[in-house]
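Order of writing sets the labels: A, B, C and D. Residues in every chain begin at 1.
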Amino acid sequence: MSHSENSHGSSAPPLKMGLAIPDSKLCMWLFLGTEIMFFTAFIGSYIVLRLGSPGWPSDPKDTHILVLAGGINTFVLILSSYLVVLSHEAMIEKNFRKAWNFMAGTMVLAFLFLGIKSVEYYGKFDHDIVPGHIAENDEQALAKLVREFDSSRVALLNAIVPGDDDANKKASKLATGPGEGEAAFDPGMVAAYQKLDTSSGELRDAVRAEKISLHVGVDHEINPEILSRLEAMRSDEQIEPYFHAHDPHPMVYGNVFASTYFLMTGFHAIHVVVGMILFGIVLLQGSKLDETWIDFIENSGLYWHFVDLVWIFLFPLLYIVDFG
Amino acid sequence: MFVSSPSSVTESNDESSGEDGADASDARTSELADTSSGEGESESYRVASYDPASRLLSVVNENGVPAQLSVAKGDNVQILGPALQEGRNLYLRHCMHCHGVSGDGAGPTAQYFKVKPRDYRQGVVKFTSTKANVPRPSRDDLFRIVKLGVPGTYMPSFMLLPDEEVHAIVEYVRWLAMRGEMERKLNAWLSLDYSKEAVADMEEPAEEIESAFAEAWADEASDNITQFSEELQMDWQEADKEENVVVPPTERVPPSPESIERGRKLFQGNKAKCASCHGLTGKGNGPSTESFNDLPGQPGVKSDKAGLFDIWGNIVKPRNLTAGVFRGGRRPIDIYRRIHSGIKGTPMQAFGSTLNKEGEIWDVVNYVLSIPFENKQGGH
Amino acid sequence: MSTLNPAADASAHAHDVHGHHEIGFVSKYIFSTDHKMIGIQFLFTTLLMLIVGGSLALGVRFQLAWPWRAMPVVSQVAELAGGPTFVAEGGQISPEFYTMLFTMHASVMIFLVIIPILAGAFGNFLIPLMIGADDMAFPVLNMLSYWFMWPAIVCFGLSFTVGGLNAAPAQGWTSYPVLSAIVDSAPGAGDAQTWWLMGLTFVGVSSMMGSVNYMTTIINMRAPGMTLFRMPLTIWSMFITAILQAFALPVLTAAGFMLLTERTLGFNFFVPGGLIVNNGDPTVGGGQPLLWQHLFWFYSHPAVYIMLLPAMGMVSDMLACVVRKPIFGYKPMVYSMAAIAGLGFIVWGHHMFTSGMNPALGMTFMISTMMIALPSAVKVFNWIGTIWGGKVTFNTVTLNCVAFVSMFIVGGLSGIFMAAVPVDIYFHDTYFIVAHFHYVLFGATLFGCFGAIQFWFPKMWGRMMSERLGRLHFFLTFIGFNGTFFPMHLLGIAGFPRRYADPYIHPYMEHLMPMNQFITICAVIMGVAQFLLIGNFVLSIFYGKKAGRNPWNANGLEWTAPSPPGHGNFDILPVVYRGPYEYSSPLVDGRDYLMQTERLNPAAEAVDNPADDATTDPGSDS
Amino acid sequence: MNKFWPIFFMFWPILAIVSFVIAPGMDWWFPGPAMSPLGEQIDNLFYLILVIVAVTFVGTHVALGYVLWRGVDNKDQKAWFSHGSHNLEILWSIAPAGILMFISLYQLDVWMEFRVKTHFPEGTTPVAEVTARQFEWRIRYPAPGKKLMTTPQSDDLYTVNDLHVPFGRPVSIRLRSMDVQHAFFLPELRVKQDAVPGAVIPVWFEASKPGEYDLTCAELCGWGHYKMRGRVFAENESGFEQYLETLQAEQNFDGVTQPEHTGAQIAEYGIEDSQ
């Protein structure tokens, strides 16, 4: 690499044919070409899947898509791209201190982007909008609720009865009381467990016998009975730390939606992280930053613009556009 | 009827023979000629030799004395040797890679299945037309399973194999089953005194144990083998008897809404307790799928895993009746037989004696057959 | 090399040539950044993998000829070794093992043999030598692109062993979901498939690194005077291949990631809801199985040209040399390659005519597919035109090149049947397809490679390969090849489907068993013949006749370098005055070649003649 | 000796041609003549292409052999110094382009007829739903006298691997897959259509003669791909009706009222009837 760069940087007569740009920059452009195809595949798949699905979750109440957060992120990325340009300009002016500062600004904005992104992700994880976890109809939603009740019950059981035994052994132990030389069970928690156990069993039996429906009324509101059950568990201090159940929100085609969302934003975020590593290498140079880094900053700037560009496509596609 | 005797298995009674496929390839297939003249008693002879070219057969009677076959024109003589050989070839081609050379249900392909291929070696087959107290399947049952497959499992339908080939496969499968049973019986007998643990506990030198074993073998083997083969013969002949086929006393009660409603009550009620396994709406999610149940064949011994087990040690799920897939066949008579004599080897019991009132089983059959459509209309 | 003073340059290189002792063994032969060594590493690796892939193919062939018989040799060895494979089955190939055999045969042959032998081995070795550069633009990247092959090989190898000795991916190299997306759907759809996908990703990364490097090198590192239209066709083909690879492969990598997340993380792209596979619970989701096919073929159709174009380029160079004639229609050759590449991006749907996609798409894909036959036809006519009026001597190179042309004609013509949608309704997934792509990939590409090995071997090792062994190898391979694959056309017409472990349970195919036995015997002949190549190759490295710089009296830049070239390739920086095909030029007397570097008339042949070059000429760079 | 190789390279194309000429006689050809009107059209297209391709194949190989032969004989000091011919390039670009364009446009009708629903022949009636699964064909008929509905009905008739259809008129099936991808392939009728999971694809075909036609799977569907042996049994209308009635009787068999049919008897039923 150094060899070919030398032949350009110096005033020696050019000895090769080709374009008047350094190899590294040419290579970066070509690499970005492959990257474009990479994201094109994702975007194309997204469009095909979305247009090919009779329903697509688009209500932000269900999907927990934060348009505002995405909008701010768009702005953040564009601003950071601008700072990279300024940094490169400063490099060409040989004002390395200034360049470093702009670069640091870019880095801060990149962190900000990831911060906002993680807030968005957190909201989705919190509501269990995770590929493979989403119930797509009432039946699955109820089954999921039963599972969540039961795993909460097991979690509470594990908290009460120490040891590695399986849940059923522990349940029988709970009935017979602690063995010799073992600490007594917390009576409050035992009472809470019985409450949860009863509630969980009732729910399971009701679901099994199809005596409970998820939605009621003309508006298809969520059955208040289910909500009150959830509320009862959540408001119980003793149960609450062990109780992890989500409001049952069946989402038709929710899994494909969540998959495409996480795939595209996830791979974009990975690219952001790679860009940050490149900037980090520059920032680590500190005062040693000199003109040998001009190409590096230009190339990583190119890469960063590409990352920005991808987001500019992803944002409307994922957050705004309604294909009707 | 005709029987292929498994007596030749005695030569491979060591423990490994179950896995050793090559053994089965020798022409040690037992050959037994069987004649039956009309409704009279059938006589059995062993084949001493058979020359396929001249198609000449010489036979010996049960004492090994060369005998003359007394057959009249029109008698039904069936020679199972060649059929077994053909069945073996077909079995190796179509069945072996799942069911294994020895019929242990552990062929090379089987390791990938969620529902394991049948292990014949206990002589038990799930879907039979025979009564609950008849432990073995009839030839017709095996024939039907091979022809139609088992929907919902990897057992495909061999509908288009010619009937003769399917018959040959059925013979060979029966032979494999008998061979497996014979081995089990011999093992059970020998392991009384000569199991690994028993031998390890003995204080005599190895040679003495060996000679004692040889003595015991010489004394008792012949009798035991004869006894075992007679047992086997009886069991398997029993299954082919016409009187052991489940035949409903009355014809099917028309599937009227009333009948279906009666069926639903029985299904969900306490008399038959279908719902305890199959769930109140037949989804196969009854409470016993999550509780700890007795192991099959060992009353009082609870399993340490929740769920229902079959005698092969697999967890079985009660059928989800809403899917409209019936492994043992979807004809009313098939469902009737499932309810009447249960599914052998599984926790599905025989309800023939419980649901003994006129037409009760038919009501349940009607209800079961209506479940897939009931849910379709009531669903979302 | 940044000087115009040849003397200084030569001395610098004299130092380089003798300076090898300074480089340690590891950095010279293993983690070498020298493009020649990397090319040779690729060559050895791919020849090794050729044996692996070929053995797998023989397993497939054995089962088709003598179904359910104990495998000769393999079963005995397995029995002696006491391994779990085959013993339980009495030496039989079980049906799921059969699916694994053909899946891995295709995967190994495509991803570890054909693509790397063309782009990796010959691309690496030839590109800098033929354009007059001292190395690739990014030597370290180049080295990495080789070493990223090995994780792929390891992943493919692991996929054989993760689930016991006979659990390899078994979904075909196309890995269509749902079969490949649901872990329980088939033997080998478990961890094996995951490892396979990771191997694919590594191959993708390796190819991407290589192709970006090639493009940069070819665009930016040509010797003075080497304008675009003075480049040998090999370089053009490598350039176009690199473009295809760089812009089509990411799509497959993306699809691979989608399938990986679907399999491991519960994502959902390809599996629709409500399927009951292997008696499992009904699937949840709303994916589309056809999406994978579109993404897969968007790469894998251009990949077919990735597997062919470099061979076309190399054959063009070799053919011109052995018949001592300029290539017939140099520019049409270039344009037709570009057309193949361009059209290659819009014809992927012809693999999916029966898949149930929108019929209107089927029509458009049919027309574009038909049109891609056109540049191929032009190329064939040009090759024949090249031989026309030439002086033909039948050495191994000539034989392989002519075989390439002949086999390519068959492979191309049989493709027309499949391009026609209604006819493809019948031929899709029958042995006609198998015959077709083996004629193109083996018949054309591998014969091209055999010729290229023979042709450039002296440049690699400074010694010639044995002609006698080479011809014998060619003869046996050619006979075995045609005996193997030509009857497959007839099998396909008879409706013999691909990927059947035992076709003979279907009555209409019972009578085809003798033909399959014939095919298998021919395949064995062909397989055994490859040991002649390996033997010839290895023996010639040590005992071959010494070759000078230019044993073939060829014109290209690579023949001005020493054999083998030292580090930095050229003693003197080459300056190019003409195209590479000036054989039998009337400008010189007494010999029928005129090298690209020879300067005949200083006034007429300026170094920087921008007339036929769109890119910047060397002078305007500063 | 050098002439050996041009002959060698000519010998094998001759062999190839010969093998194609003798192939039909050796039964290495299509599994019987096309048994459906659409299949006949496909066969005609095949033969059309075969002729074009054969002429091209012979032409190019003769040219190749000729130039090789001449090249060996070339005793000139130097080869012919030529960079090509513009006119020839144009000629051999346009000629194949025309032929290829002709081939592709000529076939569109057949393709439309096979796949585009609005171009299906008039009166195509759906007879059954065929659900491919690992590794068999599950078939659902409507009860005799009823229409095929998209959802299963309580009086539907089920069978496996054995599709009966009336001959002499176009019929269609609803093709589905229960698990992975399969393909519905009738070699004698020249019909092939993938069964895509999650989709229902209508496939029409018409058996022009009564008889048994093989049904195979043509898309890799797992280890038992080759096991998916089925058949399509084409018979006359009354035979078909009768078949459905027998199937209905068999399916409603309660062990008492009617004689029991085994699956085998079902499969064989109607063979004498329609012949």
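In this text, contacts are C-beta pairs under 8 Å (C-beta built on N, C-alpha and C of every residue); 3 or more make two chains touch, one makes a residue touch a chain.
Bear in mind the structure is a predicted one, so any value in this text is a computation, not a measurement.
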Chain pair with the higher count of C-beta pairs in contact (A-C, A-B): A-C
Separation of mean Cα positions, chain B and chain A [Å, integer]: 54
Gap in Å, rounded to a whole number, between the CA centres of chain D and chain B: 41
Between chain A and chain D, centroid-to-centroid distance (C-alpha), Å: 48
Residues of chain A engaged with two or more neighbouring chains: none
Chain D: positions in contact with at least two other chains: 134, 223-224, 227, 229
Residues of chain C touching at least two other chains: 94-96, 186-187, 273, 276, 278, 287-288, 502, 505
Pairwise chain contacts, counting only pairs that touch as defined: A-B, A-C, B-C, B-D, C-D
Parts of chain C lying in touch with chain A, wherever the complex brings them together: 1-4, 133-135, 137-140, 208, 211-213, 215-216, 219-227, 246-251, 253-255, 257-258, 261-262, 265-269, 273, 284-288, 291, 294-295, 298, 573, 613, 615-622
Chain D residues within the chain C interface of the complex: 2, 4-5, 9, 12-13, 15-16, 19-20, 23, 27-31, 41-42, 45-46, 49-50, 52-53, 56-57, 60-61, 63-64, 67-68, 70-72, 74, 76-85, 88-89, 92-93, 96-97, 100-101, 103-105, 107-108, 110-112, 114-116, 134, 177-181, 183, 185, 187-188, 190-194, 196-199, 201, 214, 216-227, 229
Chain B - residues contacting chain C, complex: 19, 21-22, 25, 92-94, 96-97, 100-101, 107-109, 111-115, 152-154, 323
Complex interface listing, chain B residues touching chain D: 109, 112, 140, 143-144, 147-149, 151, 154, 156-157, 159-160, 163, 166, 246-248, 250-252, 324, 330-333, 336-337, 362, 369-370, 372-373, 376
Complex contact set, residues of chain A against chain B: 137-139, 168, 208-210
